[in-house]
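Some structures to go through are shown next.
Okay, so chain A shows up in both of these, paired with chain B first and chain C after.
Then we have the complex of A and B:
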């Protein structure tokens, strides 16, 4: 159970094996997302294809990453599952970061 | 260290010796006491027999003198005074031997008592006849004394067998005294026999009996002479080993026997041997001399008995004193030695040890001369290295311990302070909340608030405006506990200030947009649901900012979620917020919830969800809000399996009047 990153050209992809991202994981998620940004990354994709639940604290980490990359509109999420999609819809996150069916599309979108 | 060992050994041995001495002296004292009490009993028994012998003889003498008519005889019967003394002596002797559970002697004493009674019967018979009594009467009376004489012989044999028991612990002096007493008793017996036999000779009417009486007389004379000679030797021996007046009465009695009585008796016997009748004056002289001698022996016996008892008592006292003092001294010496040993160890040996240890440490630190061989040196180096390693480890350990203790103190203190702070913060936070229920213009407000920790990320409030409108808002800051609570309080204050200071008729969404714009970029976001009710229009304006949708329960039944979401506050500064409008007529209920309820997890992690709440809200007849809250709470605890929430749970109900 961990967070990991891989690069695809200029895009850093953050992946996780956790299925639930809640308050207990929010700081780790935040660190996993902001470390590449601190290292200079401008495009970041969080792969949520294996995540069935995200709570408001974990959402805070996503918002923080989005804010840091707001100038580049460089943060995207991919592979969003239904429950997570409902949270994003409720909170209008499509206005904060782009949401894609899979990482391939997200990378393609960010690379352009 | 050698000094210590030597001292320990010496003191240890000394202590053991002294303890052993005290113990054996105590044991000896105990044993001696037992011996002494046995001896005291034997002495009492022997003395009682002596006394009995002399009493019986006194009675015999009185009887004899009664019969020959020269003594003061109570008219009509024998003198009872001597017989009373005899009876007393028998019972005393019986008591003394009964104490020793001496059945043998007891039996002889009983027989003796019977024989004495027979003797008295015989005396009474003899005394009832003419007096002075005839030779035949005297002969008969004298023969009647033979059984009790045999009893005494038996007793004296028993006594002789037992004599080693009495006085055995007290050396030679009491022993010679006892011998002297025995010989005195024999001499006294011989004297009395002489007296009786001569009286019989004087009264003899049958010449044929004279030779027999002379023969008896020769025997008793022989016995008296042997006894008195022996007594004289014994008295002289005693005077040699224990000079003093102890034997004086005996010597006096023997002198009187030899110098006064013997010449008178010899003169009388001389006359009788020539077949002549002695003159009355000579007889009277002889009788007086005989009585005097017998009394002298009695007196000597009484004196010797007293002396023997004194000797024994003194011996017992002295033994007790010696042994008691000895054991006490040994015990005290033991205490003294033990204390000295202890004192020496404390004041001399311990400091010496410390000095020795210090010196050795100095050695280890290099002050010692180099060891003789390479092997020694490397051993010493290894030892030194080990000692240093241990010392270093100890230092580190001590440091770590004190550091841990300090940190622990710090944590405890900090925790206490933090707890106090949190309690204070919770009080502040609770103070922000409106009472429940609360009457608003045209509506009633009800709230259920269950924070997960002392302080909460959830908060809510009601603001009433002069024109009759009221705004109810509910805020949920992500997370819970102190960090969320701080943000929550800040959001509460910011929003309430914004509402209160809003220009008249400013749309709710505009006020909220203003709050969003001014919300510091580095603060966490929060979700918000704000409802403005206006009784005048019987409608509600709703602004939903990332918060679960408002649930509307019309009076006529059913439920609907109002709103499709919206951006939370603090995510995008320039965000615009949508306003929704819905009817809020009499009996309509509006329900605001945070996600703490729908996301509450059961033990398997499954969320409580929205449908359970909907079902509870739809219950008919509609429960009062307080009862409804009870049901919701019960359902929540049943779901959780515990009565603590995992996130703050807040439910607000607005009911239009």
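Then we have the complex of A and C:
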């Protein structure tokens, strides 16, 4: 179980094998998202296609990434499952980062 | 039916417990209700671990009463999972976002608002030296 990154053009995609992102994993998630930003990335996609649960602590890590990339509008999430989509809707995250059905669309959005 | 659980003060222990509880809700409760209980329970237990006593020897109890129409979860701790005034003074705008001011968007502080939104009732009960945060969700 881990976080990993890959590149597609100028976009960094963060992937995870964890199915639930909760407070126990929030520090590792935050580190996985911010490490590419610290290295100079301006476009970042978090692939949530295998994630069925996100809590408010993990959400905080996503917000941290969105804030760091706000100047570039460079943070997106992809592959959001129903329970996670509901959390994003309740917390108005569509105003914080862009939300896409899959990484391909997210990459296309950030590459334009 | 009453189900009793106990977990150590360890964030990694929370999700497995919550998944055990939501498994009990099948088939009486639909997926939306199970997801709501999952999120509220994880948020409440995380609060208890992060903001409760630092005495790692004191475990956190959970009593679940499940009927055909509602589920009641009592999170039992020696200290309140969160200060009572937070529940009484919950900011209705706690989940609002100003997209023009992301710089000042908080990264934390949404847990209690989410618990209240997911549950039909949220209340504190003090019994002897225990504090119980009672969460109730109806079908």
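Criterion: the second predicted complex is superposed on the first by the 112 of 112 C-alpha atoms of A that agree within 3 Å, B and C clash if a C-alpha of one lies under 4 Å from a C-alpha of the other, contacts with A are read in each partner's own complex, and residues count from 1 in each chain.
As a convention for this text, a residue touches a chain if its C-beta (ideal position, glycine included) is under 8 Å from a C-beta of that chain, and two chains touch if they have at least 3 such contacts.
This one's a predicted model, so the numbers in the text were calculated from it and none came from an experiment.
Judged by the touch definition given at the top, the superposed model places A:89 against chain B, while chain C stays out of reach. Of the two partner chains placed by superposition, A:5 touches none, neither chain B nor chain C. Of the two partners chain B and chain C, more residues of chain A are touched by C. Look at A:49: by the touch rule set out above, it reaches neither chain B nor chain C. Shared contact residues of chain A, touching chain B in one structure and chain C in the other: 20, 23, 55-57, 59-60, 63, 67, 90-92, 95-96.
Taken in their complex, chain A has these residues touching chain C: 20, 22-24, 53, 55-57, 59-61, 63-64, 66-67, 70, 82-83, 86-87, 90-93, 95-96. Residues 20, 23, 26, 55-57, 59-60, 63, 67, 89-92, 95-96 of chain A are the ones that touch chain B when the two sit in their complex. Interface residues of chain C facing chain A in the complex, by the touch rule stated above, are 10-12, 14-15, 31-32, 35, 38-39, 42-43, 46, 49-50, 95-97, 99, 102-103, 105-108, 110-111, 114, 117.
Residues of chain B that touch chain A in their complex: 476, 478-480, 521, 524-525, 527, 546-549, 564-568, 571-572, 575, 595, 599, 605.
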